[in-house]
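The following blocks contain the structures, represented as structure tokens.
One chain, chain A, links the two complexes that follow: it is found with chain B in the first and with chain C in the second.
Up next is the complex of A and B:
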């Protein structure tokens, strides 16, 4: 009898503790957003797109720097040859009402040109990633809902659902995303992307998580589009944080061959 | 221990291992093996080989150009140098030109600092915010020998220059000086791209035995611009002082006739800004003196443009422009446009581009570019010109063409 009472009390106590530590969807999103404590960073990215018998290879150099809550990033294409040295400079703002600023540099014309963010739904360099998948996304660009505590490949995870706010929904391919967020690293180990009919569009898996300059970083990504039987592998190398980029590297005058 | 309990314990022990194994397998790749080249090579050699076939409506080959281009870049600390050279052979041009040509496309060295850059050499430089037709993109001359970039833009020739950029306040001040002027090239006598007025003059001179002196001054040209790229909006002011691309001033000399470019000075204000997912662009320019239809006039130009990407890849670009010659009370106006989309996993880009201007002039292109893989590109396009008799685009009426291009990049 005493044992049964003890089990009941223990169960109630554990449930209470679990409830007390359970975070809301937005709190999980904030934790994810806070994991990168760096002021700036640099990394090289290699993408291999596998589609049927075809294999396409892309290489990029990526730089970013934070300006308070806002962020500036510079992407330079290194391969393939026909887009080599094309560069994208973007200034993204935490305020969801503020439209991001973007410029593209075309090396053949030696031209810096302002572009709009209307192409966010498009594919990023013909990969399974859309442009919106690789951009810096502010926490309040989405409404985040807690779904459940779960396990993914032995890891304890929060499962949350993120739905774009009205102002952002028109620029998104997705009705919502479901993320499996590691409770230790606060990195989504898996993200599923759904359309308005609730059908799965794509699945992103992140792994090879490394502790680099004090920051947990997923260095290998796999984005799969089951309906197209297509898969993109992405690998980050030479990842460094707090390298001290000059502000001028994120200005238009830096866009040159 | 009973069998079910043994199985259960084994399952408990193995499950995490299996799961971890599955997880590890997903990321068991090294993409550097697939793409071993370094991102930050100090030396880099690139280029392409290309065959471009142009067949006209009248059943002639306009061009069968086979070209190879090599580009070498060297970068060390703040120094960058770039050299691009090209060799091409174009058989059908034999009747009016040299079919085999080699050319230094660009060759320059830049010292790039945080607040200032200096560049010496031959370089492509694009000014202005407008697409299609720009009022201040004057640093490089239009290549009048092969003028069609696409149906709404002209192809240009890089210039020998000294370029200085200096950060001033919130923007960049850029000065260019072209000690030998722009690299003008006139269409050869008998070329399909030769304007009829020029052809008549040349033919007349040949038949009469008179001297037609077509001058390419190689006199210095230069310009200055100040551009601010900011949160939500870019704006700039610019001034360019130089000469027209084509020789437009005809004068009698003791020996015959002399045809020379005209000196012009153009002031420009430009802006580009993003709003509600669209980009808006505008330019206004003022040229105090320009000869048109044999009369000197002031010229005021305005360009207003809008472009936006809808859905994933549907891109629309529309631009209205007007040229007002105040002294002769004439206004030319027109529109340039581009509508493009992508299909087949974005491997094919297709669409239409063109311009429609006063005098019922139009140039319209329908095209499809197919990225076969990372190295090969196949392009197919049709290009049609039309215009009232005596207009510039009417001169190209016989150049309506179908073009097939295969390019291999490395």
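Up next is the complex of A and C:
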């Protein structure tokens, strides 16, 4: 009898301790944000977009460099051939009040144009990814709420819900996102995207997590849009970090050949 | 064993086991009635087509490539679309629609539509109105920009800025048991009703179908009640007895319940065409019981007991009733030969109803009539002499005398009228645009016409250019061809607006060139096309999936039109075909699809189906007549009073400018199948009396005197019954009713007037016996 009471009390205590060490939604988001300790990086991306029995293949070379809290990235299109060497340069700022900058280079016209305004909600190259899914999202662009501790495919995960702050809600397709964040890698293994009516719009699965240059990186991403019966596989190859890109590569003047 | 004695034996069995038959009827009635709540209505245009129909396949392919083409347009009347207060109120409406409308994929209005603009050194991709709270001066500038741009003017806001359109587009509907298409209209209606300060109009495919479905649900009972009431009045007038009204009416009501119950069990859906079925069964099915009642009354007048009179009646009428059931069912089954699903369903269901009415005559009407307590009014069994002054008898007598005296006049008149009717038939116009079938003040029609007048058209024809190779549409030469096609479309009188991805490419080209108006044109090379499309798709590009196929092998050009008549659709289609043949090479396939193409296809099927089903019904019924009358000549003559009503009815429609729609297509085979009933009764009796008298005139006069009366009554009931369709708000059923009424009158007149003349001229039954005088009037007043 005494032993039983003891077990009960210790269970209660342990639960209490566990709750005390449990992270808040924002803390989980900060952990996710902190895994990429690199100063810059490079990767090749292959996108296979499947809709019904049709598919499109896109290839891109991506470079990025951090500038303190802010980040600059350069995307160069490799395939299909008709858009080869078209480049997008974007500067994203941690400050939610500051609007990101973006330039595009059209090789046929040999023209650089600054793109401003919306477009974040748009689809990224007709894939299931929206532009906002690809870009680096600042932690405080969303309000993060802890949902539960759970398991996903035998992995221990934090489930958190992230809802855009009022200033960012207008630029987002989503009412909220629900992420299953691996407790070891701090990478979301799965993200579900919901609309204002609470309906699931898309589901992202991330896998093939590799330890590259000391950084845990998901190299295989699958985004599905069940209602459109379409899905996009994004495969990252030749991923490298801390390669030492020159700052000048991320200037708009460097876009023209 | 002859069929007569078999009929008598059947009659005895039925009378002997009448309680069992009535019990069976009761049980089956409960069973079928329990199925009625499961009946479903579906009026969508697509529901007309067979699975393998090329038009349907093209539409399916189109939807698969460019997404669901269903849309609802909510039009709001305002004083100034760009007034901040108005914009905020509209945003409230848009937000609620966005939040609550089921299966919504996209909602577009001036408050959220994208705007692409070139500025020095850059391109702005933003919303047309980035902030609804902008000062009036800035909103004024935006207003000027939007109203000057064809991408917005007359699409999302009228040129006078007094009408704002909120466009709702739908996802590809999930394949569930319920019809998801029917879910959005009531929600949209309820939301706009909450915004009482706005005057709103709703148009679009789902709205049209939903309205038609509701209308269908209202119309069917209205027609039925109208028909039933009219028929009961005629029955009361002609039989002068409660029983004479109740038994036939109850028989056909039960027939309708049974038929619709079986229809529900078979999983058929109802539509504006199939809902003709209950009323048709009421009108057509009542004939069997009426013949039984009329004949029974006559036999009882001779002093026979009820049971014996009933047996004698069935001896006389069973054979013709079987025949009329067979021929009418054939008339309806002929619709199976058409390629339109609703018509096939109507054919099967109506034929089923006719057979059920026949069965119920024997297992319900006969058992009920066999009860001795079921009495006629006293006057009905009074001695025959009392009835000699009866209006109908007098009418028939005079008819007989007139016919025997004026054969040439009758023959000549029918000939002239037939020629006139044939000319009328050549003037018939087929119309399949349902909106054109609605009265001018119908809210749906008003809404469509509002869109036509304010927002540049409520309907569209879609042209798909398929290059049959991935990235094929990025070829600048092809795009220039498509540009010529789009320009050509814009020049057509029926077309109010055109759109394609070329609009976006030109907009992008202008934006890249710092908004230079001269740059509003296609880019110079194919690579630029690819790059602009890339920028467009990455920078928002909502419209891309709707106008360019996923693998860039197909491009869609939309031509919006007002709600135009079929002949204009056909002209437009022809013009497009001619242009495409002259302009595009064989490597590229160009085809049209969308609502207007479906109207045209339905019209084709109507024209083809009308001919097919009529020919089939004609051949089958002619064969039945020849076999029954055991004479090719007599069978051939018997077809004349059946074909004439069709010619007269369609001829009259042609002369009066009534349009032939799908309901009109029911006319010809149905008239044939129904009119032949008179012929069967008339000819079967005529042949019998000719063998008795050996004289054509006497056989005619005796036929007229005996079977003439029930024929007159059944025709009267048919005419009054069909008048139920006159209560429809649609022109289609009303024209159908008028044409049918004319046809049934013609059938009876041809039977009474023309047939005896033809028979006495052509003598298909052989020579007369010398003993009888040819022209002696048998009937005296």
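Criterion: the second predicted complex is superposed on the first by the 255 of 257 C-alpha atoms of A that agree within 3 Å, B and C clash if a C-alpha of one lies under 4 Å from a C-alpha of the other, contacts with A are read in each partner's own complex, and residues count from 1 in each chain.
Convention: a residue touches a chain if its C-beta (ideal position, glycine included) is under 8 Å from a C-beta of that chain, and two chains touch if they have at least 3 such contacts.
What you are looking at is a predicted structure, and each value in this text was computed from that prediction instead of being measured.
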Clash or fit (per the criteria above) of chain B with chain C on chain A: clash
Which of chain B and chain C A:220 touches, first, second, both or neither: first
Partner chain in contact with A:57 - chain B first, chain C second, else both or neither: first
Between chain B and chain C, more extensive residue contact with chain A: B
Partner chain(s) touched by A:199 [first = chain B, second = chain C, both, neither]: neither
Contacts of A:77 with chain B and chain C, given as first, second, both or neither: second
Touched partner set for A:233, first chain B, second chain C, both or neither: first
First, second, both or neither for A:251, with chain B first and chain C second: first
Partner chain(s) touched by A:104 [first = chain B, second = chain C, both, neither]: second
Touching partner for A:154 - first (chain B), second (chain C), both, neither: first
Touched partner set for A:88, first chain B, second chain C, both or neither: second
Location of chain B clashes with chain C - one stretch out of 188-196, 224-232, 296-304 or 332-340: 332-340
Contacts on chain A seen with chain B and repeated with chain C across the two complexes: 51, 54-56, 80, 82, 108-109, 111, 113-119, 121-123, 126, 228
Residue numbers on chain A that touch chain C, as the complex places them: 51-52, 54-56, 77, 80, 82-83, 86, 88, 104, 106-109, 111, 113-119, 121-126, 131, 196-197, 227-228
Parts of chain A lying in touch with chain B, wherever the complex brings them together: 44, 46-48, 51, 54-57, 59-61, 78-82, 84, 91, 99, 101-103, 108-119, 121-123, 126, 130, 153-154, 170-171, 173, 205, 207-208, 220, 222, 228, 230, 233-235, 237-238, 246, 248, 251-253, 256-257
Chain B - residues contacting chain A, complex: 16, 19-20, 22-24, 26-27, 29-32, 34-35, 37, 39-40, 46, 48, 73, 80, 82, 110, 112, 114-115, 117, 123-126, 129, 165, 167, 172, 227, 229, 231-232, 234, 272-279, 281, 307-313, 315, 342, 345-347, 371, 373-375, 377, 407, 409-410
Touching residues on chain C, where the partner in the complex is chain A: 64, 98-99, 114, 118, 121-127, 130, 171-172, 471, 474, 512, 523, 525-528, 530-532, 534-535, 537-542, 544-545, 550-551
